[in-house]
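Letters are used for the chains, namely A, B, C, D, E and F, taken in the order the chains are written, and counting of residues starts over at 1 for each.
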Amino acid sequence: MNSIDPVIWFFLFGLLAGALKSELRLPSQVYDFVSMLLLLTIGLKGGVELANQPFSVLLPQIVVIVIAGFLLPFIAFPALRYLGKFTRADSASIAAHYGSVSVGTFAVAVAYMNSRNIIFEEHMALFVVLLEIPAILVGIILAKGVSKKTQWSNVAHEVMLGKGVMFLVGGLLIGWLSGPSGVESISPLFFGLFKGVLALFLLEMGLITSTQLSSLKRYGFFLLAFGVITPLCFAIFGTLIGTGLGLSVGGSAILATLFASASYIAVPAAMRISVPEANPTLSLTASLGITFPFNILIGIPLYYWLANYVYTTLALH
Amino acid sequence: MKNQTTKLITIFTEAALESQLVRDIDRLGAPGYTITNARGRGDRGLRGASWEANANIRVEIICSPTMAATISQYLQETYYDNYAMVTFSNEIDVLRPEKFTS
Amino acid sequence: MNSIDPVIWFFLFGLLAGALKSELRLPSQVYDFVSMLLLLTIGLKGGVELANQPFSVLLPQIVVIVIAGFLLPFIAFPALRYLGKFTRADSASIAAHYGSVSVGTFAVAVAYMNSRNIIFEEHMALFVVLLEIPAILVGIILAKGVSKKTQWSNVAHEVMLGKGVMFLVGGLLIGWLSGPSGVESISPLFFGLFKGVLALFLLEMGLITSTQLSSLKRYGFFLLAFGVITPLCFAIFGTLIGTGLGLSVGGSAILATLFASASYIAVPAAMRISVPEANPTLSLTASLGITFPFNILIGIPLYYWLANYVYTTLALH
Amino acid sequence: MNSIDPVIWFFLFGLLAGALKSELRLPSQVYDFVSMLLLLTIGLKGGVELANQPFSVLLPQIVVIVIAGFLLPFIAFPALRYLGKFTRADSASIAAHYGSVSVGTFAVAVAYMNSRNIIFEEHMALFVVLLEIPAILVGIILAKGVSKKTQWSNVAHEVMLGKGVMFLVGGLLIGWLSGPSGVESISPLFFGLFKGVLALFLLEMGLITSTQLSSLKRYGFFLLAFGVITPLCFAIFGTLIGTGLGLSVGGSAILATLFASASYIAVPAAMRISVPEANPTLSLTASLGITFPFNILIGIPLYYWLANYVYTTLALH
Amino acid sequence: MKNQTTKLITIFTEAALESQLVRDIDRLGAPGYTITNARGRGDRGLRGASWEANANIRVEIICSPTMAATISQYLQETYYDNYAMVTFSNEIDVLRPEKFTS
Amino acid sequence: MKNQTTKLITIFTEAALESQLVRDIDRLGAPGYTITNARGRGDRGLRGASWEANANIRVEIICSPTMAATISQYLQETYYDNYAMVTFSNEIDVLRPEKFTS
């Protein structure tokens, strides 16, 4: 029960193999395949559930989540700029990473709840999409101001039509249109293999993370502290919002995980193009090298404990 | 048959730049381009292609010396400060050189 | 029941993503993998059933199907040459595409029947192989005459030993040799994941189709009309032959689908080498950009209705 | 029951397709994917069982197996050097291939036992790892003597951290740490698809083997004889050791198969770097072109018969 | 040590031609070749490698100037009319030039 | 702006050598390298990349003429006897040539 999930062992094994400089590697197209399956599966699961949610329940959730998505980078930015002494571009870029979300972390949280039979709102995949995008826009504005020179149509294209968002949205739509009985025929591939596919994904994430860890010492203590404290703060924020929105304990814990997670796919790609003067190693070291392992190893159980604590305290059970 | 001398520009850079670079090349009026996937190391460290943020591409453009100069200058001004990028050129003998006069 | 199958949503999603110029893409080796699984699965299913068919039943079917395979391009050619005013090479090449078959369309038809519990002759995968090849030979002859210069051994190599035919034939043979109990151990991969794999295949087909659509306007109205009318005519022909051969309603509908479908893998590759002066964009625009979506969105249900109609009219039920 | 397993048909089909020079090919990254799944699955299965074995049972097995792993190349070397008249480097390299093991052959043996419901010690995946490495060290020493010039740290890195060993060891560790209930959630991908994945692997092995066969005539009769006789001798040795260690009949047959099998992944890679003057075509022709097909087509049933015979003779049942 | 001057021919063309081209190169007697996968754009439009019919290859042949002329001429006559193809050559210094005298 | 002349070394060799070769290149002090996957044929037969033992790589190194000579000689001494390997070089015009003076 309380033992470590095998998918986490895959991550740790990847970390170890990377640290040992082994020749272990997921072929790049296999990694793309595995990511794609993960995104589609998460989308499909969410979409099927979405059909069961009345719009009157969804609308307030959507509004609150999107507002939160715009707010989070504004909280992170001053810490980076004034405490961390980073350049404006770097501060903006890192803030965008932490304001956005990590789908891999979400998948681990879902697996965590499933393996403990904890109920949560399955349509939360929608929140992943809603939280992914606003932080990118805020990050660009923080870096450049609302400059006329920013090619917003390019940015929108890059952000909305990137692989990550498209696969998630596609899965959501298809799940929503097909309904539970419709997706049954495709469930052996998408739902049956989910945990196995997640294991392979985390193996590669471990390998990638270990290459990021090596650049950690270059950036020193502040980045390490930032990569641990920010998720904790954001998780508290997320738990409170989840409680306020009337989510279940599991749902609040997952929302906390989403707030606590930092993007390492959509945002880095967007920032590389839109804020090229920001150093990509810096933000990836923080989000992949620190926050991702922190969240999946320590964060998720902690956020679940936190959600439980809040619900018990407020006698909401 | 002595073929007219033409330039080949080769660019090593980040895979993340591909779509933007292709738009640039088209806009500047180059007659074509060829791209392959690559990995490597340079001043900006190891780019081992283990994942997309870390992969390189290798772009080749056959064009006139004038176009070669235009492209080189554009790349230097636009990308050299912030991106891992190396550009070089050499002279080549091309079949049907009239295709590559721009 | 009458709702759209999720695999069709995957296709439409691919179309949309392509039209939006998103960065969605199936890595090329993953597309190869998915095609390979599809071909092997179709072959295996057919092969297992083949073992149950007495040769006396199979032989007349084989003979009739092969003859039909030789005839179909001769029907399409004059329309293209004299109505469409295409060059001889282009007319021959397009005729070969439409005389041959599309495995992807066959797979969608199979999924359509399965999801509606409609019975059909599972050994029809054999017909796919039988129909794939004759049209190529006819296409080359139509383009070049029975010229001594044609390197028929090269052509035969290209056609028979191409990936598509080999995987299908391999699956057929292995299924036939192993029998139903033999293939059980490998069924989770091949049969269990079939619909999911088909979904991924159709996603990529949608993306490819959308790139073909853009060249459609260049070729104008005739090609569009040809791409819709030819499958309709060929489907009627197929239904009648299916009925004549004593196939079930489902079987006749699938045979109609096969006749109506146009190749976009085996034939383009063979024509590129054997009739290089034919413009490949022209035939691919027709087969992939028009006929493939027409068949899987509208054709298959229509052909099933048609088969039903013929059977009811002839009181064959 | 006694019919040929479909995975073997896949191998034969690959052989045939290769011999016909067809364009069939597993994309290289898909082959890597399939190999990786196979190695992880074998490791996971072994690891789960390892948890059930008391250390007092394991220790003598480990010691004996490792000693055997060091001995085997010493048996093969003189035959190659003095009967086969190969150069010292070639003899050493081939001896290392045959002293080590083939994971693909092990997987086929496991599938053979499973499909016949024959019991064997599932933790034998550990033996694969134990047998893989010693032969490489012995091979290098046989080629170069215990020279100071040999960069043993490089060799160790190449051998221990190569993909093959890492995936196996990773699987073993994760299986061992997770236990039977832990791996359940990832079992659809790893255990459910095992035979299907093995089928694809053997298809590609057939294709590769057929390219090796073409170089067979160049090396003549001795290599052919060596590639058949060595596995037979080593299998007898393995059966006796298995019996001596108190393994079940199935377990002894699998140990015999391991002894009889020759490496074609880990050892070639290590020899290419450490003994570059050895001709890689020579050793691959033997191990892949002769011994691999011999073992999976004829060897495994033979070794099972042998193990049965020994047990019956010694009245150990 | 001044190495003998040798030619490098580079060909960008359709992946569908690979096996035929390799047979041609072997038959014409070239000492070897190297192939990589590519994508690109030229006169015949975008070839983005999204699927096989749409993928390019990049072929390199190191050979003597005479062989280079033979190959170029053969390609021009055989393929230029109907296939997406670009060919160019340049001089290179090669180690062990005696390998590439044909 | 006339760019300083620099050398481009290109190596075709076995994929199995990649990590060792990269260590060598780094140790000899080259300013960088770029690698792509390849297949091909040469004196040591067909290397069709159907599996790893049979795959090639294509390594490019931009460097000074002196470094080019050092690398060429090192490769010839270390690998030519036992490995499938071809090396050649040519002169290129490079942007920011000061990057490649070693």
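By definition in this document, a residue touches a chain if its C-beta (ideal position, glycine included) is under 8 Å from a C-beta of that chain, and two chains touch if they have at least 3 such contacts.
Remember, it's a predicted structure, so these values are computed and weren't measured experimentally.
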Co-neighbours of subunit E and subunit C - touch as defined
none
Note whether the interface between subunit B and subunit E is symmetric in residue numbering, meaning over half of all numbers used appear on both sides, and answer same or different.
different
Higher C-beta contact count, A-B or E-F?
E-F
Take the average of all CA coordinates in subunit D, do the same for subunit F, and state the distance between these two points in whole angstrom.
35
Whole-angstrom distance, CA centroid of subunit C to CA centroid of subunit F, is 46
The distance between the C-alpha centres of subunit C and subunit D, rounded to whole Å, is 42
Junction residues of subunit E - those touching two or more other chains:
36-37, 90
Could you list the positions in subunit C whose residues touch two or more of the other chains?
23, 25, 27-30, 33, 188, 192-193
Per the touch criterion, the pairs are A-B, A-C, A-D, B-E, B-F, C-D, C-E, D-F, E-F
Touching subunit E in the complex: which residues of subunit B?
6, 8, 22, 26, 31-37, 62, 90-96, 99
Partner subunit E, residues of subunit C touching it in the complex
25, 28, 31, 204, 207-208, 211, 268-269, 272-273, 276-277, 280-281, 284
Show which residues of subunit E lie in contact with subunit C when the two form their complex.
14, 16-17, 20, 45, 48-53, 55, 79, 81-83
Flag every residue of subunit D that touches subunit C in the complex, lowest number first.
3-7, 9-10, 13, 17, 20-30, 33, 111, 115, 188, 192-193, 195-197, 199-200, 203
Would you mind writing out the residues of subunit C in touch with subunit D in their complex?
27-30, 32-33, 36, 157, 161-163, 166-167, 170, 173-174, 177-179, 182-183, 185-190, 192-193
